[in-house]
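Below: a set of structures, written as structure tokens.
The following pair of complexes shares a single chain, chain A, combined with chain B in the former and chain C in the latter.
So, the complex of A and B:
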């Protein structure tokens, strides 16, 4: 099975990310970046499973060590098409390369996309699994995962606006009354 | 929630858990301190200013962790506490 390491290397090149494979935190970043990019449609095929600290791909870890030079000095190889480059760009705009944030985001995404959990249960399971991450960082990681992978539909947005129209109009009225 | 000049700045909560699909939301589980009757979603991006007459009494309070999560999102949403963007 083709895992498409070339796409991973090219993505890291685009992100300006040169991981030190021997460093634990950088290996976390590699794992979580690839899962999030893959779920958005990068075209890689790394098989992830849930481990103690969240989703993890043994094959990706093996490749990182086997091709350490390529990972540590990622070069452009023309492996990404325009759509895939846009995915990497969106990733770069959404996330910072911080292990805690990406661990939480990838864990939430795994629960939703791979385990098929609804957002409520995915929130609860992520909080439990990542209980060592401060609540504020948990919330931020989950929020960014949602922004990157699960944008609400137009119908959901319309329903949400309808639900809160009363709040917004009350706020406008309150503002006018205090002019 | 904060008060100034007769207005209360508030972040609405909803018990409609489908709203958790949106980013800039925080899941609040009911407990003895917040006295919510069911799980709720804090809609950080729906922050509003309301006349203080809308508020009759305080039901409960959120935990420090929940407040920290909301504060973090509010900072990100309003781009507070970040260095100014570099000129193009």
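So, the complex of A and C:
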């Protein structure tokens, strides 16, 4: 089975991420970046499973060590098409390369996209499995995962606008009263 | 009366159990070996183990140390977001013992579980 290592390496090149494969922290980043990119549609096929650490791909870890030089000095390889380059760009705009944020985002995304859980249950399980991450960082990770992978539809956006319109106009009125 | 028992196999399995390390047969130690065997050389940090297994610090620490003393786990310091953390990974001996225990448990549950017999 082709896992498409070239796509991963070129994505890292585009993100300006040169992981030190020997470092535990950078291996977390490799794992979580690839899962999030893959779920968004990067044409890779790494088989992730839920482990004690959250979603994790043994094969990806093996590849990172087996092709350490390629991972540590990622270069452009012409492996990504235009759509995939846009996915990587969106990833770069959404996330910072910080382990806690990406761990939470990837865990939430795994529960929703791979286990098919509803957002409330996925949120609950993510908070439990990543309980060592401060609450503010948990909220940030989940909100960025939603922005990157599950943006609201036009209809949902319209419904939200309608729902919040009253609050918004009340707030504007209140602001004017205090001027 | 059922005559499809696997007494021969069962006796063989029971004899085989003497080759296993009985000190790994606690729920938490089995969970640790299973969880860390799947992660190979990458291992997991203390805080990840604690969150996933939902156990007290005392129980986790004591059992990790017991498995280290048996030569089945090793600890190392790792850094994540400028925090130094304790990380644990399975050793070759630990992976071997886990394989033997898992294999034995699978066969034991398959042939020793007369759960549908009338009480």
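Definition applied: the second predicted complex is superposed on the first by the 178 of 179 C-alpha atoms of A that agree within 3 Å, B and C clash if a C-alpha of one lies under 4 Å from a C-alpha of the other, contacts with A are read in each partner's own complex, and residues count from 1 in each chain.
We take it that contacts are C-beta pairs under 8 Å (C-beta built on N, C-alpha and C of every residue); 3 or more make two chains touch, one makes a residue touch a chain.
Just so it is clear, the structure is predicted and the values come from calculations on it, not from any experiment.
Visitor: I want to verify the contact counts: of chain B and chain C, which reaches more residues of chain A?
Guide: The partner that reaches more residues of chain A in the superposed model: B.
Visitor: Is A:132 in contact with chain B, with chain C, with both, or with neither (first, second, both, neither)?
Guide: second
Visitor: Given the touch rule stated above, what does A:76 touch, chain B (first), chain C (second), both, or neither?
Guide: neither
Visitor: Go through the superposed model and pick first if A:18 touches only chain B, second if only chain C, both, or neither.
Guide: After superposing on A, A:18 lies clear of both chain B and chain C.
Visitor: Kindly classify A:175 by the partners it touches after superposition: chain B alone (first), chain C alone (second), both, or neither?
Guide: First partner only.
Visitor: Just chain B (first), just chain C (second), both, or neither: which does A:56 touch?
Guide: So A:56 only meets chain C here.
Visitor: Could you say whether A:167 touches chain B, chain C, both of them, or neither, answering first, second, both or neither?
Guide: Only chain B; A:167 stays clear of chain C.
Visitor: Between chain B and chain C, whom does A:152 touch in the aligned arrangement: first, second, both, or neither?
Guide: First partner only, chain B.
Visitor: For chain B, which residues are in contact with chain A within the complex?
Guide: 5-7, 12, 14, 16-27, 39, 43, 46, 48-51, 54, 65-66, 68-73, 76
Visitor: Mind pulling up the chain A residues that touch chain C in the complex?
Guide: Touching chain C from chain A are residues 23-25, 27-28, 51-54, 56, 58, 61, 98-100, 128-132.
Visitor: For the complex, which residues does chain C have touching chain A?
Guide: Those residues of chain C that touch chain A are 35-36, 38-42, 44, 47-53, 78-81, 87.
Visitor: Once bound in the complex, which stretches of chain A touch chain B?
Guide: Within the complex, chain A touches chain B at residues 119-120, 123-124, 134-140, 143-144, 146-147, 150, 152, 156, 159-160, 163-164, 167-168, 170-171, 173-175, 177-178.
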